[in-house]
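Have a look at the structure below before the remarks.
Think of it as A, B, C and D in the order they're written, each chain with its own count starting at 1.
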Amino acid sequence: MDRSRLQRRLEAVRAHSLALAQPLSAEDCALQSMPDASPVKWHLAHTSWFFETLVLGPHCAGYRVFDERFGFLFNSYYEALGPRHPRPQRGMLSRPALQEVLDYRRHVDAALQGFIEAGHERALSAAAGLIELGLQHEQQHQELMLTDVKHLLSLNPLQPAYLPGATPRPPGEAVPLRWLDFGGGLVEIGHGGAGFGFDNETPRHRVWLEPYQLASRPVSCGEYLAFMADGGYRRAEFWLSDGWAWVQAHAVSAPLYWNPEAGTHFTLHGACPLDPAEPVCHLNLYEAAAYAQWAGARLPTEAEWEAAVQLQPAAPMAAKALEGHLHPAPAGDGPGLLQVEDAVWQWTRSAYEPYPGFRPLPGAVGEYNGKFMVGQNVLRGGSCASPAGHVRASYRNFFAPAARWQFTGLRLARDGA
Amino acid sequence: MDRSRLQRRLEAVRAHSLALAQPLSAEDCALQSMPDASPVKWHLAHTSWFFETLVLGPHCAGYRVFDERFGFLFNSYYEALGPRHPRPQRGMLSRPALQEVLDYRRHVDAALQGFIEAGHERALSAAAGLIELGLQHEQQHQELMLTDVKHLLSLNPLQPAYLPGATPRPPGEAVPLRWLDFGGGLVEIGHGGAGFGFDNETPRHRVWLEPYQLASRPVSCGEYLAFMADGGYRRAEFWLSDGWAWVQAHAVSAPLYWNPEAGTHFTLHGACPLDPAEPVCHLNLYEAAAYAQWAGARLPTEAEWEAAVQLQPAAPMAAKALEGHLHPAPAGDGPGLLQVEDAVWQWTRSAYEPYPGFRPLPGAVGEYNGKFMVGQNVLRGGSCASPAGHVRASYRNFFAPAARWQFTGLRLARDGA
Amino acid sequence: MDRSRLQRRLEAVRAHSLALAQPLSAEDCALQSMPDASPVKWHLAHTSWFFETLVLGPHCAGYRVFDERFGFLFNSYYEALGPRHPRPQRGMLSRPALQEVLDYRRHVDAALQGFIEAGHERALSAAAGLIELGLQHEQQHQELMLTDVKHLLSLNPLQPAYLPGATPRPPGEAVPLRWLDFGGGLVEIGHGGAGFGFDNETPRHRVWLEPYQLASRPVSCGEYLAFMADGGYRRAEFWLSDGWAWVQAHAVSAPLYWNPEAGTHFTLHGACPLDPAEPVCHLNLYEAAAYAQWAGARLPTEAEWEAAVQLQPAAPMAAKALEGHLHPAPAGDGPGLLQVEDAVWQWTRSAYEPYPGFRPLPGAVGEYNGKFMVGQNVLRGGSCASPAGHVRASYRNFFAPAARWQFTGLRLARDGA
Amino acid sequence: MDRSRLQRRLEAVRAHSLALAQPLSAEDCALQSMPDASPVKWHLAHTSWFFETLVLGPHCAGYRVFDERFGFLFNSYYEALGPRHPRPQRGMLSRPALQEVLDYRRHVDAALQGFIEAGHERALSAAAGLIELGLQHEQQHQELMLTDVKHLLSLNPLQPAYLPGATPRPPGEAVPLRWLDFGGGLVEIGHGGAGFGFDNETPRHRVWLEPYQLASRPVSCGEYLAFMADGGYRRAEFWLSDGWAWVQAHAVSAPLYWNPEAGTHFTLHGACPLDPAEPVCHLNLYEAAAYAQWAGARLPTEAEWEAAVQLQPAAPMAAKALEGHLHPAPAGDGPGLLQVEDAVWQWTRSAYEPYPGFRPLPGAVGEYNGKFMVGQNVLRGGSCASPAGHVRASYRNFFAPAARWQFTGLRLARDGA
């Protein structure tokens, strides 16, 4: 184990969370816009609680808990770790103050760095997998910090920007969509080799696929506007039954954050003109499936998606969050599958289910993934808000069919010849 | 086409619906106990509307619609067939009276019989598939008539029996549960040969399966009581997250219709003693999955279930609804898979999704199945309430994870060697 | 006590309930359209339960209860009389059948008639007040039977008539509205003399009134249409805050049962043309108050209403329910206050509160009125659906501000000189 | 007009709001705990908006609006003043920041002070009534700031104190409760003389009262504990019907903020021991009426309350909010009515209705009171959180029957001889 490398990695990941909170006031960090979202302050505390409770407490001799009461406040959903504050009430916590949560982070960081630097080899080995899990976990919350605060700011009539001052690109047209052929057959998917993977990506296993095609890039805003102009939100024939009920119950007529009359949408940079060249995002599964139906296509299964991406030479991923534009950019042209993981999460037609032979991690972290395997669909890829280096071909993201506050879009699929 | 055979089949299926309504008063037939359920009168009318609208109207020259207003009242969910009465309001229809609905049935039956007897060959050929679909559709509603009226009667403090006078069996113990091995590999599932199949069972296609085991019979009440006695409804570790939330929100502590304190449950024959030998039923997916987790097993996938059942020699199905006991009976002993289709629907771990290459039927009946392929799980088998001859190995039933008013139980599965 | 007169009165009142149910099928009588309304069958049973439980059980030696289980089913809200079936579930009772409820009525009637004819003087004296209360109670339910079934039938797209075949009057114009002056001062209101009065009308007591004016007749449909045409439902300035919230939450733009586009409204005689001359009805308190505000007037207090009506010579009341038109008729012209009690209940600005010195009746019937004295407003007068002879000047009807399924309208008031 | 006196008064009232916010962080000030409550930041801004919109805009020549967008954000409920941010969303406003709201206050204060100092006599005269209304309005919000933040802090499992460090009194026993006799007759109530009064207190008018008695002091915690010990929350016979439904729907067993097992309650000073000598508070109307019923008494009408208080020699009011204990203190002994306005608001049996001859103020401020005169009950007196000098004998406070987050208790009444 390379202790100093782990120290640097820990420092970098933890610092990135603070960097994401930096443009925000304590007030911004305290509010919760809906039960599905959490306050940024809560994310900052919960990710520290994860290290404290699962790494430092059980593995680091002599660790002193920062505040005994935080176990109740910042446990997210681990039944095995005791009772906890109800999720919809996370926005009622003006105390602890943001400053106190930052102190909490420093306390946990110092203990972790000390443990990595000087902990017994055996204790550190035993904890190494959980430290890595904690880092991956923190990266997942980094994306949520951005999507949750975007939702909060969108509810404010002042339409404040998370990062003001972005220069909008001149609107354009997306590069042409090409169809790529895949032969199917008996393929292997799932995480199996070296490197980190969540338990829900395992075991690597065989799947039979019929021949299929995937679109070279995600669906663009321009294409989605054509769907809308063709009565997409008013014609039941494109929609799943639950989706049509959702459209009617909420009088939906555009993706989340869109203001079609004004030709704008709300972004982390404030209200911006809609660029037809951009990948469409903030769609839920119902919208994605309805668009595909309208387009004479369908959503891919997650196995189709992963098998196809495995055939791609790995492209160096572009710099992303906080280093550039916090919104999906238009695809550049090129061969093969474009914007696999740097633009929008891509809805699949696959429900989130256990792989054959799936075993949850032992202990409390067994609740990390397995218990959510019902009522959700898998998304593949990654988004403009995913931390650099976090995702991979076998990565399984998942949300309920109606959710649309993530950077979620779609890539079309068709049956092959 | 054998016209007289079709006439006899039509007569038999339609008569069975009336026979099911026979023990009920007009008052019983008018009430709706929840939005998921429909009044028996509505079922009787809707199944007639199906024939009138999809067979007689388009295919039978000179057909006179019984009442123009019934199109609005008895369309279930076909967007392509125009607006309709809201589902939760089906219980507000004291008019048309039951007697008028019975007249409607006679009108439609007479027209159908006349059409089959004397219709032009070409017209009848064009309609034949829809007539068969209408019969299968009516059989599906026959099962719903029983489950819906069971739910209604269960809400009545008088606990009235749909069929009084059943003699309870002496309680016993289920036959031993054996584990049967299946090798997996590249199997074929789905409907492909002769005979009727719904569009959701097609196309027949290949699936790769790892080796697995299935239990020889469904889980029994006695086994489920052991789960309850072991704190099954109080221990989060067995439950999917949504399931645990459901248990807590509704303070659930037993299957639907059970009165564990009294050792009884409500059945179509009134309140009866719980027989440990019987298959447990009226479980939802959450309960089925929690039981399996407690038992150190899991639910099968639908492909595992179907591939296994294909290997079974077809057993002549026992006489069922209305001819015997309207409740799942204990399994008799024997080799192979027991109670495949005559006791309880068996929850699978598979979400209800389109098969690869799935194409809905053309026209309005394309809405029959495809648009419901989200948010539900597949059940396999059949139940004590399924009409004789209705189900088959490739049959896909489906309900939302929380639903439990059907005759739904489970058969355990395990990974194979 | 005149036993035979009481027998005749009992017979007449009880027969009237049956007469009201006569145009209805068992299906009509079983359904419940909303929690506020009850099935007609329930009304028929509950009014019998009232006599059985409060008169026959305690006072009639040897009375045999018809069915012990009915106490649970047909207790409305008497906490002192034990647990009961939840009100919103009254429409789940297909059993007992209507026929069984009619048998129940006969059983109770026979016992009551026998008790009146042959009961011990002392027992009958002790019960006399409760028998009278039971008769008055039954009359209240007679009005509810009509308003509840009207609501049920209105939800049916077939728009069935309770009493078909009514010949609509030619639409006309209301007689001119005159303002009548009342001097106020120290007046007496409340029930004090001979004859029956509910406990909520007592004690008779003094109230100081400033001079005021009352309109000679209720507001007409024509006048209300002018309010609507002037933007009545779109202009916040006329509305109480709760009322405006109600208008917006339910997108209200007309009285209940109105179809302004078609110029019709749904009545117990089916859909009829709106007659501008008729008193407007099916208004809730919010609508009544908004109209008054628009008209530069206000609602009267209940003391103003009662003090004014006391000054009127008693007019012989016109024949009403079932003997004529089951809808408020236009006022005929004449001096004084018109349509005091034969057209619409008239909302007052007075919350339903205890009179000074109010004492509820002793025993369970103390729950009859007193416990409802919060959150409701008083209505005065009577309606086209009130049984003949039931109401009087001191009568206090009461409903929640948002209720509008009763025959409720308004009479304007103004401050006097 | 004494300009400098008005300047000093303005400064004092406005400074008091800031003093109330002083113990709170920006995070504390941003959160909204329920739709009925508002964030402290919102109160600070709204009270400034009131002056800006109703005084400075129309009356102060050359006034520059601080931020045009605040009209939408901080309009509470004035339909005449345009659309506004929905009340339940007030807690979604992390921007404007608290600091910006404090700048807003300074801007408005400077303009007001300048206007009072140098405005034209005529303009100032025209505005004088509205300035006074604005000050009274701000005082009402000062009380709400305390009750709203108390509710927010109570939801935090850390149970933070608004003002830490209070020394609890030694628990004791309340001074004896005496009954005071009042003869009733024709009395006058309402605001009529010099000094400020809200429109809802006018006009002064005559009311006839029967003889009655009032308790010398509010009900104490000790007395309320006896009610609880006697099954108060489990016995339907004490409760109004709506109240009993409320008890059961929410499983209520104690006043808001009480922890009877621990013998403590949550206060603005954190969790404190319950002192039997203190007036009970945080009761809603249902609880107050149930207690009175249990005690063989009743709630007073507002006229009884006011007529009695008019007979009291005015006592100099004790120093209150922020200068002492922010919780009702035990009554000291003495003659006459004790704790008229310095402990708890006292529920009356009187619905909040217009007085005879009531006329709302002209213009937008006509919406201040009149439109809320339905569905609420009047409370009389004042509380430990009412600003000094704010209340008077004719003051009418009002809340919905179920509300209990205010400092609300009760004073018993009885019919007189």
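As a working rule, contacts are C-beta pairs under 8 Å (C-beta built on N, C-alpha and C of every residue); 3 or more make two chains touch, one makes a residue touch a chain.
Since we're looking at a predicted model, the values are computed, not measured.
Graph distance from subunit B to subunit D, where chains that touch are one step apart, equals 2. One inter-chain figure worth recording: subunit C and subunit D are separated by 38 Å, centre to centre, where each centre is the mean of the chain's CA atoms. Between the Cα centres of subunit B and subunit C there is a gap of 47 Å.
Looking at subunit A, one finds that none of its residues touch two or more other chains. The set of touching chain pairs reads A-B, A-D, B-C, C-D, using the touch definition from the header. Taken in their complex, subunit B has these residues touching subunit A: 77, 79-80, 186, 205-210, 236-237, 239-244, 285-286, 289, 298, 301, 349-351, 353-354, 356-357, 371-375, 377, 401, 415.
Those residues of subunit B that touch subunit C in the shared complex are 25-31, 33, 69, 72-73, 85, 89, 91-98, 152-153, 155-158, 160.
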